[in-house]
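Below, subunit A partners subunit B and then partners subunit C, in two separate complexes.
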Partner chain A sequence: MSEKKPTLPGNEFLPSIVVDGLDRVFAPFNGPNTIGNSPIFWIAFLLVALVALAYPAVTTPFRVLNTTGYVVWIFLALSLTLIWGYTGIFSFGQTAFFGLGGYTFGVVAKNLVQVTGATNLALLAAVVLPAVFAVVVGYFMFYGRVSGVYVAIITLAVTLILELLFGRTAGPQYTIGAAELGGFNGMTNIPSLAFGIEPVLVELDPVPMYYFVVGLLIAGYLALRYVVNSNYGYVLIAVRENEARTEMFGYDIRKIKLQAFAIGGAMAGLSGALFASWNNFISPPVMGIVTAALPVIWVTVGGRQTILGAIFGALGLQFLDSELAAAGSEFSVVALGVILLGVILYFSDGVVPAIASRIEDRIGSSPDESVVLEESDA
Partner chain B sequence: MSSGTRGDGTPILETDGLQKTFGGLTAVDRVDYRLPRGDIQCLIGPNGAGKSTFFGLLTGKLRPTGGTIRYNGEDITGLMPHERVRRGISLKFQTLNIYEELRVSENLRVPCQRRDEDTRTLIEEVADLVDLTGKLDQPVDTLSYGEQQWLEIGMSIAVDPELLLLDEPTAGMTVEETERTGELIQTLVETRDMTALVVEHDIDFVRQIAEQVTVLHNGEVFRQGTIEDVAEDPEVKRIYLGEEYGGD
Partner chain C sequence: MALTNVLDITGLMLSSFGTLVLAAVGLAIIFGMMRIINLAHGEFIMIGAYATAFSFSAGVPLALAIPIGGLVTGIVGLVLERLIIRHLYDRLVDSMVATWGISLIFAQGMLIIAGPSFSDVPTPLGPISYGDFSMSLYRVVLAASAIGLLIALYGIYTYTTYGRHARATMQDEETARSLGVNTDRIYMITFFIGSVMAGIAGGLLSPIVSIVPTLGQSYIIEAFVTVIVAGPSVILGTILSGFSLSVVNAPVSQWAGSFAGRVALLVAAIVIIRLLPEGISGYWMEGGE
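Let's look at the complex of A and B:
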């Protein structure tokens, strides 16, 4: 069996101590199930992280606020990458968990912030409740042996039903403590994130909020890399590739799919909570069909079987959409559709894998090969 | 071909009155079957005899209409497929069933990592058994068809089963590959304390590996015995080849 490390592109320009150090530090996050495993990649990663940290110092608060808004949606895209890209469960209704997370955050935060001044519990509840809801929905689907396109239909139906239900919550009778759900007008005055216990409270006004979501994104990216390259990640991929074969190795595929779906629900819930706290407002259309289609488009364009694809797909297309809208175009959604079609026709695996493949071809060696058996067991 | 059982003759697998109907069609009809521990036995029969349905019932893919399945004395009739695998039953599917998008080592990693031993060592050990040591880093679509079949056999034994079910393991193989597969199955059974039940059409292959043969016909056990007895049986010839080629 080959024990060799891959011939990594550009490593010859780096001192061996740097190569060894980066290899050692990032070893748990490396593996053939993620794009970019070389020291050069990790240097680029650190540089991008530094640029992201310096960003608020070189731009306007308005842009920082906007960028934060883009980043909070990335967690929704990542949730879809985990369950669709890696596990093969095509959910068309991740926005159900996003919306539930946002509303949960709003209700808990509006009630508790007056007492504790903080939103710690609200954020926790906004992650836990969508995860529990995902377990309930997932239990009926996966233990009922529902799969393929029927999962997409059921999840889409769930998000549309939630949109309808929350849309009918207008009036004072739909008030939970201090939180009025507000029907189609939505829930207003949702508190921004604030952590701690009085009197030691840290309120996340725009710049700290930016640092918080970027920090979460980096942590989430690394955590996902660790998971998909671990034994557990291989089981997720095995379920995606061949359920019957995987079951006959002794894996309970219903349970594995349910776990992945619940983790995806929690991530989507986190995304919704961050959105509600950033926007100080949430309304039922976040669970509507247009919003439900967005993560599917982002992930498909970026590359559904890559974590980087979800990040760049979500970030790039939101930016493009926003710029087109700012330029006065009324057809930004049409532009999204055209991009989606183009990617499906010419880069069926997504833009990020296509770019990675080009880089690999130019350099003449794969950064991802020969590491299948490297120790990355979780 | 060897005769007699390698083990102590105690059954590892028993079915009593096992039955499966699909609407009005009885695919498996009250089959009583005993498989002694340590044996290699074959299940043969013409198309539609109920062999694959019988395997489906043993693995848990299908739920029986009636009867029971006992494995090592335990009633496993109601268990899910993965629960049966965890008790020691493994299956090589009829059609090639591997992870086509993954490399050889990744295909072996998925079953190997279920065990408590070092995954890397296990992968190397299994690859060595199925002659794929030098091809671990290759995508599986670069393997020949025979090698892909061996890979799946390797994947099936990677979970360390006591009972290996092989559904037409030599389908599509060359004569040399078929012979090598027979040797592989015999080696596995002898060195790994396994029992094997094989569905097969190739009578030469059956002759190479099996102690006992069971002929299924119309979902029922039609004949049981050594391959010589069964192959010479005019009634067996008749159901395989039609009335005009049969005996009296």
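Let's look at the complex of A and C:
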């Protein structure tokens, strides 16, 4: 708890130049609002990043493709962590923005590919449109002082309405340029990501797509860490902890919630666009109740007030789900349910914070992290 | 002709009202009073429907099979409350994820035990008709039973010792406990009653749905929307909320199809929540129950 620059436990194994270097390089991303601020953590982070980069070289293209499929959903989980875990807006309908992003990407990409052979701006459109939609929904809610569980019901209703509407778009009259929306059967033949202008094209077939998505994830992770540890991040957390108090300090909490919600919408849209291009297909059930519950579950199991929780929750549960399904037993869904129950009953703050505090106990706690614990108790 | 239209819409409204209130009534207790977001509520309805259909196919008359459905669901709820739910009071979000896990287990478990479908229960009581208009009399019974269940709840929570203790516990647990109320027991009984209500709803609905393991999913959303729109007063709120939502749902379904009716219902819910953040009953009687 001392104020002076701590010699973090565990750091005695490292040369001081490494410790200083890592501290300096990662200083913008360190702070009390994230787990893992020690040089040891950043070394582990770099190692994991290296492993992730080497992964395609040591495994089959099929596995790479599958893993990409898991990673694209992580952005959806991250969007929920930002707005719910850090800002306290409980959205049960992030899939609305996910689906909108996916469909936007599909429509724009299908039309662009015919002109330029690439999907350049489709990804941007699929981030902007859901963000704008999030502003509309968010303005409606936050400037009407809707909060708490009511936000959950409104966002859930929004995503279900979108599911119903997109489900009714069967037939040629629902065609935007070259893109047929396809009703409940979904939109087919969505192009994979490709950048450039003919004849100079970079098409992201499985392995480059993997690198693109993993690169985005690393960038997104660092960006989120930067945001939540900045002054702005403190304001977000203040809104989560006590809206009235934050307002008394002179902040317009409606505006702050709206901003966070819009960023979350953009991230969910990105996730949907990546999914649509990875899958070459999107259909209305991605906005249905079953999918809507997924990010909530991932984030809760992983640890809702941590960024790593969203990443590992989304990765771990998707992996588990598909492994269990591949095992072919009819008991796989039952097993998943039992695991959810177990996590909730035994790790109430999520798995990642539980593991982090276990590690801290092993190597001693750092002053930074003790703040996190106080925070989550509040 | 015009009269037939009016009758058609009235019939749809009754039917929509009955379904909404039945789907919501157990949840109104469990969420409205205990603040447990029970995502397994649909599966409670499903279990009630299965127990009813099973008893019915074993030769029990429907009027008796429905309470059996309620009782079986109540016992399932009681066991769950003791094993899991009681650890989750005051943990709104955790209760949601845990009950989602329960709902997965129940829906898949029922598929494993009973297969993809079960023999349907025939709709009793035949139709009532006037000219071109015709509707199943059973749907009128449904709406009436929905009101009947709410009246029964009103009786329980107004006139019994348990009811008074329960309301005291929900208002201020500390004080209730210091005045000698066994709050742990109150929570347990309340969850039991909520489960019984969901089970009876499932039993009542079983003649008009196909008995499949996923039938709960079709009710969970309507149930939550009705309960949230209802606001703090469980009984008055549920009636008002079911009424307002069916007033929107029925005519739109009549003119533009059941798809548009569903969209209209969700839109109506959004607008009501936005205008009346405390729910209809919160606005109706400032301060709530």
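What to note about this one:
We adopt the following convention: the second predicted complex is superposed on the first by the 354 of 378 C-alpha atoms of A that agree within 3 Å, B and C clash if a C-alpha of one lies under 4 Å from a C-alpha of the other, contacts with A are read in each partner's own complex, and residues count from 1 in each chain.
Everything that follows uses one rule, which is that contacts are C-beta pairs under 8 Å (C-beta built on N, C-alpha and C of every residue); 3 or more make two chains touch, one makes a residue touch a chain.
Everything numeric here is computed off the predicted structure, so don't read it as measured data.
Within the superposed three-chain model, A:Glu360 lies out of touch with both subunit B and subunit C [touch as defined at top]. Contacts of A:Tyr251 after superposition on the shared chain: subunit B is touched, whereas subunit C is not.
Of the two partner chains placed around the shared chain by superposition, subunit B is the only one that A:Pro32 touches, whereas subunit C remains out of contact. Once the two complexes are laid over each other on the shared chain, residue contacts for A:Asp321 go to neither subunit B nor subunit C. By the touch criterion defined above, A:Glu203 lies against neither subunit B nor subunit C after alignment on the C-alpha atoms of chain A. Of the two partner chains, subunit C is the only one touched by A:Thr300; subunit B is not. After superposition on the shared chain, subunit A has more residues touched by C, the comparison being subunit B against subunit C. Once chain A of one complex is fitted onto chain A of the other, the partner contacts of A:Ala238 are limited to subunit B, with no touch recorded for subunit C. Across the complex, subunit B is touched by residues 1-2, 32, 231, 234-235, 237-238, 241-242, 244-253, 369-370, 372-373, 377 of subunit A. Those residues of subunit A that touch subunit C in the shared complex are 90, 140-141, 144-147, 149-150, 153-154, 156-158, 160-161, 164-165, 167-168, 289-290, 293, 296-297, 300-301, 304, 330-331, 333-334, 336-341, 344-345, 348.
Interface of subunit B with subunit A (complex): residues 59, 61, 80-82, 85-86, 90-91, 93, 97-103, 105-106, 109-111, 113-114, 119-120, 123-124, 127, 133, 136-137, 155-156, 158-159.
Listing the residues of subunit C that touch subunit A in their complex gives 37, 39, 84, 87-88, 91-94, 96-98, 100-105, 107-109, 111-112, 217, 220-221, 224-225, 228, 259, 262-263, 266-267, 269-270, 273-275, 277.
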